[in-house]
Amino acid sequence: MLYAVHMDVQIPHDSDPATIDKLKAEEKARAQDLQREGKWVHLWRVAGRYANISIFDVAGHDELHGVLSTLPLFPFMEISVTPLAKHPSSIK
Amino acid sequence: MLYAVHMDVQIPHDSDPATIDKLKAEEKARAQDLQREGKWVHLWRVAGRYANISIFDVAGHDELHGVLSTLPLFPFMEISVTPLAKHPSSIK
Amino acid sequence: MLYAVHMDVQIPHDSDPATIDKLKAEEKARAQDLQREGKWVHLWRVAGRYANISIFDVAGHDELHGVLSTLPLFPFMEISVTPLAKHPSSIK
Amino acid sequence: MLYAVHMDVQIPHDSDPATIDKLKAEEKARAQDLQREGKWVHLWRVAGRYANISIFDVAGHDELHGVLSTLPLFPFMEISVTPLAKHPSSIK
Amino acid sequence: MLYAVHMDVQIPHDSDPATIDKLKAEEKARAQDLQREGKWVHLWRVAGRYANISIFDVAGHDELHGVLSTLPLFPFMEISVTPLAKHPSSIK
Amino acid sequence: MLYAVHMDVQIPHDSDPATIDKLKAEEKARAQDLQREGKWVHLWRVAGRYANISIFDVAGHDELHGVLSTLPLFPFMEISVTPLAKHPSSIK
Amino acid sequence: MLYAVHMDVQIPHDSDPATIDKLKAEEKARAQDLQREGKWVHLWRVAGRYANISIFDVAGHDELHGVLSTLPLFPFMEISVTPLAKHPSSIK
Amino acid sequence: MLYAVHMDVQIPHDSDPATIDKLKAEEKARAQDLQREGKWVHLWRVAGRYANISIFDVAGHDELHGVLSTLPLFPFMEISVTPLAKHPSSIK
Amino acid sequence: MLYAVHMDVQIPHDSDPATIDKLKAEEKARAQDLQREGKWVHLWRVAGRYANISIFDVAGHDELHGVLSTLPLFPFMEISVTPLAKHPSSIK
Amino acid sequence: MLYAVHMDVQIPHDSDPATIDKLKAEEKARAQDLQREGKWVHLWRVAGRYANISIFDVAGHDELHGVLSTLPLFPFMEISVTPLAKHPSSIK
């Protein structure tokens, strides 16, 4: 099942830089693992913002929530989720 | 160059049904042509709404506007465009 | 899979009353069929508004869209969809 | 009387982790007590967000406010309340 | 049980004036009946707008919806409902 | 002159609890004095939120501002004010 | 008592031009009468919009509503009202 | 004096096509005259929307309003205006 | 040239009180100087809020920005600016 | 390719002034370099706000994101990006 997910990251300005750097590295590793597993099928940067638009392909809502809520930067993200259905004009 | 495009369709309730049906058929044909040309690379239905989330891959802003503004249902669409950059965590 | 769905109905004031009455009767029959089939599991009226909050239990996004987009009053509804996951504090 | 309640939780990033963990454990215990008492009749996680959609069945506005305002995480929640009436198409 | 209700009236400009005048007269009569019955306990005009802020005292959500949804101008109103609980600082 | 006032209270999470408790006690005493003086004529809790909807009856805008801006919790409140006129359908 | 009033005018595109021209002439005459009476003390055009920002000086909310709701273009206006108090830094 | 102006055009679907075509031609001619006069210094299409972002250089607010409010498509435009000052980091 | 300016002040709760008191005194002195110079022609308090609605009469956008951005409380203000043109119905 | 970019700067009130001054100086130097390189083609101050409206001319989304995300004040900016196409009425 496909989901469009918009993630907007806001790092509080008084965070500890070393902690944040570590979280970012963990986030990157986790994002790449999920891509290799075929669950995070697209990951694009929103030009000009610390934000991304992503497409996830997972078994359902529970797996999606499990994946998103355990991202290392989850506490600093504003996330919106849009369930995607097949479009009748799509040729795929 | 990639763009995320959100299209929300609102057909006025007092439109002529035959005219609208014709426009919808033309829209579908045009959407499929653009997919075959590799310009409309993803087309998903927003579940529960007369709306779609799409990814376009075109030469630039002018081509994008040319494509979108000549869609048969363009006069009935509310469209928002998000330019997409490469994400440093993407493995593609 | 569970979805919370908010439907807000706006009948254009210059609609034909007989047509609308017919659509409302069809909507009611369809809503009751879907409840009996166990797909529309809760249906509540938002007090003071021509709107409802509903819970659907369907196989996935495609089935949800199929159900919602064929409701007789769909052209007059503003719909928002929220995918629901299991809550860790729920005892069900 | 039924109420749909949307709770969005925002833990300030500089909170003491031990204090928050204790509040979360108390929140879970309280939520499960209220479910067993039949007052918190549904509790769903909004997929991808630290938020829930809940249905409460209580005697009235005063009891609802008493329940919500004494939740351990209440100071960190943004809450909206929607009173629910019986829907004429509901078969329950 | 008390509810604060905000009603915003929008008469479509191409409505039949005689029909609207009749609805307004019926609305006024109904509003005054409900006030005499003690259900519509306060009715104030929002200065500068075709809108009111009202307080209703009814048995619950079902009665509130019954009262509001049968107001003659209901089809032309945007309504929001706020359930009111007792305030600990109120001396009443 | 009547005013509807909506007050939404947000206590910063890192405030000193003793200071806040003292402000809340002063707020309560001040609110009850103003009620006894007939200036704060209604005070209701918005169910589920740290907020109230109130009706003030004061000589005019200057007195209203004087009353609201000297409330002990004023620095932590988001306030909106709606001037209320007599409604032609009110029987009072 | 002073009020800041923002009026945004939206003439439906299918209105009868002669009727609208007549209403606009009546509106202008009424606005000038109210200025001469000292009730409509400032009237400015919002640059680039069919809108104005005005200051009214009237006895109170009832008079304000009486003045605004009888403006010939009132049915086509979106109006917001802000009650103005004396500012402690004003030298007037 | 410089102003950023955002114009969003909405042609009602039941307008007479010949009238609209005539207005569009007049709008284009007027826009080009104003560009040649050096008053409409930049005119860009917002990609994917029937909208533009423009920069005007005129004597002041009155001239700006005169220019915008006499555009042939003005009745169908939603316009917002932002006054632009010199930026201390600009090298122009 | 006239501008309507709305200023909304938000003092962070953990600011140093003495610093803020000093800034407020400087703000008041500056506001009164600008009024005496005829540049800040109206200054009204928004009743119930720490906010003001003001009218400025300055040479242009650069002077307006210079005045506003050097107000002592500028870092704590949310400001919106509306350029005002002469209204055809104004008798001034 | 042209982009309109709106940047709104919010410096947290408890930042270290020396650090911020250094960042502002670096931001200015970087902005001027980018202007000299022809990438930041217009830079205007929004009158009355710590914000700017800018036009960038870069190779595409990736370069735009590279430029914006490395601005020294980027962590304190709210940025929105609008891709600009050629307008058919532009004479350039």
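For this structure, a couple of remarks:
As written, the chains take the letters A, B, C, D, E, F, G, H, I and J, and residue 1 is the first residue of each chain.
In this text, a contact is a pair of C-beta atoms (placed from the backbone, for glycine too) under 8 Å apart; a residue touches a chain by one contact, two chains touch by 3 or more.
Not measured: the values here are computed from a predicted model.
Each chain gets one centre point, the mean of its Cα atoms, and the points for chain D and chain F are 26 Å apart. Averaging Cα coordinates per chain places chain C and chain F 39 Å apart. For the pair chain D and chain I, the distance between mean C-alpha positions equals 42 Å. Along chain H, residues 2-3, 14, 45, 47-48, 61-62, 64-65, 81, 83-86 each make contact with two or more other chains.
If you draw each protein chain as a dot and join the dots that touch, the picture is not a line, a loop, a star, or fully joined; it has some other shape. Every pair of chains meeting the touch criterion is listed here: A-B, A-C, A-D, A-J, B-C, B-H, B-J, C-D, C-E, D-E, D-F, E-F, E-G, F-G, F-I, G-H, G-I, H-I, H-J, I-J. The touching residues of chain D, counted against chain F in their complex, run 3, 5, 12, 14-15, 61-62, 64-65, 68-69, 75-76, 79-81.
Taken in their complex, chain B has these residues touching chain A: 2, 4, 27-28, 31-32, 35-36, 42-48, 52-53, 55, 82-91.
If you check the complex, the residues on chain I that touch chain F are 11, 13-14, 45, 47-50. The touching residues of chain G, counted against chain F in their complex, run 1-3, 60-62, 64-65, 81, 83-86.
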